[in-house]
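Take a look at the structures below.
Both complexes below contain chain A, partnered by chain B and then by chain C.
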Partner chain A sequence: MRRRGSRAGSWISFLIILAVGICMIYPLVWMFFASFKTNNEINLGTGLLPAQYDVSGFIKGWRSTGQYTYTDYFANTFLLVIPTVAFTVISSTLVSYGFARFAFRGSRLLFGIMLSTLMVPNAVLIIPRYLLFRDLNWLNTYLPFWMPAVLGCYPFFIYQEVQFLRGIPRDLDEAARIDGCGSFQILIRILMPILKPSLISVCIFQTIWTWNDFMNPLIYINSVSKYPLALALRMGLDVAAAANWNEIMAMASVSIVPLVIMFFCLQKYFVEGIATSGLKG
Partner chain B sequence: MRHLYFEGAGSESGKGMYMTKKKSKKTGWGQTSGYLYILPWILGFLLLQFLPLANSLRYSLTDIKLGGDYRFIGLDNYIRMFTGDPDLANSMKVTLKYILMAVPSKLVFALLVAMLLSVKMKGIRFFRTVYYLPSILGGSVAISALWRVMFMKSGIVNNLLGTDINWLGDPKYALLTITLIDVWQFGSSMVLFFAALKQVPKDLYEAAQIDGAGKCGRFFRITLPMISPIILFNMVMQTINTLQNYTSAYVVTGGGPIKSTYVMGLKIYEDAFVKSDLGYASAESWLLFVTLLLLTGVIFFTSRYWVFYADEGGR
Partner chain C sequence: MRKRILALGLAVMMIVLMAGCSKGKDNAQTDSESSKPETTAVSESPKDTEAETAGGSQEKVTLRFMWWGSDVRHEATIAVIQQYEALHPNVTIEAEYGGYDGYFEKLTTQLSGGTAADIIQYNANSITDLMAIGDVFADLSEYADVLDTSGFDEGFLKNFSYYDGRMIALPSGVNGGIWLANTALLGEAGINMEDIKTWDDFIEAGKKLHEYNSSYYLFNIDIDTLGKELLGSMMAQLTGEDLFNRESYEMNFTREDLLKVFTLISDMYQNNVLEPAADSAPYALKINTNPKWINHELALAYGATSNVYTGYYDFQDTAAAMDMPEFEGAKESGILYMPPQMIAIASTCEHPEVAADFLNYFYNNEEAVKTLKDCRSIQPTEKGRQICEENGYLDPVLVSAVEKAMETGTNHQNIYTPAEIVAILQDATEKIAYGQGDIESITDETMKLLEDTLARLKK
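Right after this comes the complex of A and B.
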């Protein structure tokens, strides 16, 4: 950057960046290669590469309990994640549109209330919600995940989209209104295309959080036939007291593959999403 | 962030109010359609947030279990929390220690990396992506399982470091091992710092250089004050997240050894869903809530002494 000694300086920073980067990514790479190792090798904590590539960890791991395989757990995870994400996007778009573009009585108060719900810890809500869902007969279904998404219970995303909508000039709405568009048409035809980056970032983060979520499935789902990946992995850890680490590492690697693929395909939206809203990650 | 919100809400809806009054005569939408759009959230708030919140407070005054009837027992749960439960005091201590270890190290690390990555260089985008990868995976059971394998006594970490530490079995190290998962997920703080660093005006550095300020001086006198609003934001967000996180403690160590990683969230979960003591666990969850409010309150209160807003309105 500066002229004096900039050559050497940039080489040093490159080496530091590279070294730190390797340390960051090492555990993931290690996990991937550990899937091909024998249990003995893992227990001895040998280096990165396996002595011999052995795929039995994947085969045995995938079979899981025998009665249910990872095919089921993947299907369950998709059934849990995809509707949750879709409902979240739809409800937060509608709600944020209402907050950003309409001045109804009490809108500021309600917006304030919505933001303050960000502060309520899940620990306070989970016991009464559990009892509520039990009374509704929703336990051991995916409704405890879908319904909060349908009903806009993710203030993070609503806030993010409100911020984004406020940045879009109102002249666009006005022009469409003069042309005879209704408010819903304005949202769908005019605003949605501009909102796209924000919508994608909502999709990404909701996918990650729901995919990785462990505590909620642990409480709401109790039969193995409905287990998502998180619970299946945990079950593998439980069952294997004399742990078959290669199977666990293999399935752990497989379970994060969809997230990693999504991450590399959509990475530019990640950074955008965090930078505009300050989401946790 | 606070400033942003108040400023935004004030001016925007002020304008909107005027506009809808004028428009509503012609088009007829305004009040009602606004409510219609936020209707999902109103229902969600009432049924899944407000009602549970009120119920939680009510349950905390009862001896409700997973099945059967319950009766009101007044403040007994709260009295028991402070007088008859040594585990709870331990869990509070562990949780605070966890926050004090995880949040500052995560922020310092995120800031250092963000500064490293703000160098102009070919391929820097790739590194930014790689550095962010742990943040999207770190919360998963897969990574917790990985931690259990890597930090075994005969595991790869001890082998690489040439040490013989019982990471998961020694109460001195167990919480540290869990904290490392959190520090590893520094990505979102890093991205925010990165954006903030880019917005520090270059002429400030030039002026300081002319005045003879060294690298250190420039960092402490210019960089830190200019990005202090983002430091505040990251600190609050990470404190809230860390206070509530117990997936890693649950899967990696199960709260042990000798309850040295038995964080509040985990204790509440076990009291409620393992010991079936829902009433008492509700009372504990309110203690967690109050702790969260106190911690963020303290951070906001002290922030007036160390957060610097470049323009009066904040940024």
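Right after this comes the complex of A and C.
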């Protein structure tokens, strides 16, 4: 009797999760099918499935305005995102290792300052940062994205990793030290393997954020030849003109494919990374 | 041993990373340096008609042209740039185009940082906010020898191109308010467009149409356009002035005027002249995508002609441009008549004479006009309009609306109203549309807010 009850309970929770899941994925599915529809079909909103499967939206959309195609925009996005993510992972690991494992003078103060930068609203920073990058001659390059990543300017990730590192017993470090490891080797050989889930969640977050970022590329990148996807997708959208929505929906669908693939491949670690770093903090 | 190799490998990787970054930095620096000698080369050479004889000279000139728009506009503008480059092999014009989202933020950031493009498209009504940054645009009248502006309507230029006596920009086109009526739908309910003269007639017609069929509404407009544009037009009818007085930093209307306009807007919603605000909200700024409009249940759309594009409406045979309704004893027509966008040359531009020569080609060359067609609304020059009309590029209903606007359009187009003031009036309009509070108190509250804001802006 009892078992049946718990079974019914798990069915109910399964149905609830299923319903929530459908609600969340519906817009994406709609977006995909909208890439086959005509503007009129999209506006009048009749049903999910298109009247006919016309793939011209994908072909024309990919060609864009003709000057540059989505091949360029994809290449640009990878060139922007991959180094940014790699640098972020390396720099935030090093910085967080310093904060989590070494007691040095002013470490608490520095940690506080680092965290306080997390609380400064982005809007306040846009103009001064723009002027700084202008003076460094970095405008219209990807350096405004890469260099902050190199220099550990992502306090959110540093904080996350510090919390994770604090959860790892120091006994491991000490054992390694007795065996003759230096502090850098401790990080690489002992801590990194344990940190893996956390590092992967940093990867996923940073990839998604950089990939979808609109405001920063908008401001720092001028040349259309350097536009990433986020700018390219909005390129033909004007309040005072007809947009070929099927082309935009088609390209939007294509542009999320790499993210979706990455998420599914790394999903296992992702959940682990957030859950453990939260618990042991 | 393995540990050591690993540590070494990582250290090497870090160094490579650092080197890679600093290399990128060097590149950026050499880029900017390599562009500097060019500029000195040009300024050393005799400067007079460099631009006109540019085809023969060796001076390399690179200009940046930034605009927003749709794919059609992008393709046409790129084609004109290529034509110009073919005629002037030493000139390269880099096209920096994008969508409308974020354009204004990007432009203000660039102007503040002195990194804006050389040729800039901007919205006519953002001029106060842009000029607040400084003297960001060059005076075009200094380049009158290369840039011929005789084809433009003089009054139109006077009204929109000048700021503090300097000619800072040229209109990219002409743009009129259009009351695009579906005469077949009006006729179905026994309404004749010609009979709608006053706002009272307008409300009556709206009531009649909705009574005839409860899913029909007379007026298709979004709250944004209503609060930001039409409200100013209504006020111009009452006061014969702009909303905002640029010299004294005061509003040009009284509480009674505002109350009258707010009451009119409220009456439109109360009497079902307008679709309930909550239903039409999803189609803000895209009123032609409202299913009711597509299904011919809304009889009359208000907007600017520049917003009416191919596919905006599908009742070509029964479409007509209605006259704008007026208050009794209106001082002005209130009809929108302004440029859809302006095109300026940045004051930081190093080759303004070449930029001016390009603009001359852009506006006055027949091939350029034929390429651009109406991608920036109806052409601003007499000759341009003629070429487009002869070749059948224009929708006759739009032409009739623009002609009406040219004859009777109001001089007071509120292009100098600060964005904050516009936002206050817009918020009040939304409150009325959603029925949040009575008109009297909304009016009082708005007047108070306006006064406070003006006092602050004046400082």
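Basically, the second predicted complex is superposed on the first by the 244 of 281 C-alpha atoms of A that agree within 3 Å, B and C clash if a C-alpha of one lies under 4 Å from a C-alpha of the other, contacts with A are read in each partner's own complex, and residues count from 1 in each chain.
Please note the rule applied: a contact is a pair of C-beta atoms (placed from the backbone, for glycine too) under 8 Å apart; a residue touches a chain by one contact, two chains touch by 3 or more.
In this text the structure is predicted, and so the values were computed from the model without any measurement.
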Message = Using the superposition on chain A, tell me whether chain B and chain C clash or fit.
response = clash
Ask   = Between chain B (first) and chain C (second), which, if any, makes contact with A:M147: first, second, both or neither?
value = both
Task = Pick one for A:N43: touches chain B only (first), chain C only (second), both, or neither.
result = both
Task = Using the touch definition from the top, say if A:C181 reaches chain B (first), chain C (second), both or neither.
result = second
Task = Quick one: classify A:L109 as touching chain B (first), chain C (second), both or neither.
result = neither
Task = Once the structures are superposed on A, label A:I127 by its partner contacts, choosing first (chain B), second (chain C), both or neither.
result = both
Request  = Check whether A:I219 is in contact with chain B, with chain C, with both or with neither, and answer first, second, both or neither.
outcome  = both
Request  = Look at A:A8 in the shared chain and tell me whether it touches chain B only, chain C only, both, or neither; answer first, second, both or neither.
outcome  = neither
Message = Contacts for A:G66 in the overlay, against chain B (first) and chain C (second): which applies, first, second, both or neither?
response = second
Query = Just one of 274-282, 310-318 or 364-372 in chain C hits chain B in the overlay; which is it?
reply = 274-282
Query = On chain A, what residues does chain B touch that chain C touches as well?
reply = 43-45, 126-127, 130-131, 147, 150, 182, 214-215, 219, 231, 234, 236-237
Request  = Show which residues of chain B lie in contact with chain A when the two form their complex.
outcome  = 1, 5, 8-9, 12-13, 16-17, 19-20, 23, 27, 29-38, 40-45, 47-49, 51-53, 55-56, 59, 113, 116-117, 119-121, 124, 127-137, 139-143, 145-146, 148-150, 152, 154-159, 184-185, 187-188, 191-192, 195, 233, 237-238, 240-241, 243-244, 246-247, 250-251, 264-265, 268-269, 272-273, 278, 281-282, 285-286, 288-289, 292-293, 296
Query = Taking the complex as given, what residues does chain C use to touch chain A?
reply = 3, 6-7, 10, 14, 17-18, 21, 24-25, 27-29, 31-32, 64, 66, 68-75, 78, 94-102, 105-106, 109, 112-115, 117, 285-286, 289, 291, 294-295, 304, 306-307, 309-312, 340
Query = chain B touches which residues of chain A in the complex?
reply = 1, 10, 13-14, 16-18, 20-21, 24-25, 27-28, 30-31, 34, 42-47, 91, 94-95, 97-105, 107-108, 110-115, 117, 119-132, 147-148, 150-153, 158, 163, 166, 170, 177, 182-183, 208-209, 211-212, 214-215, 219, 229-231, 233-234, 236-237, 245, 248-249, 252-253, 255-256, 259-260, 263-264, 267, 270-271, 274-275, 278-281
Key: Contact footprint of chain C on chain A as seen in their complex   = 39-40, 43-45, 64-67, 87, 90, 126-127, 130-131, 134, 136-139, 141-143, 146-147, 150, 181-182, 184-185, 188-189, 214-215, 218-219, 222-224, 227, 231, 234-244
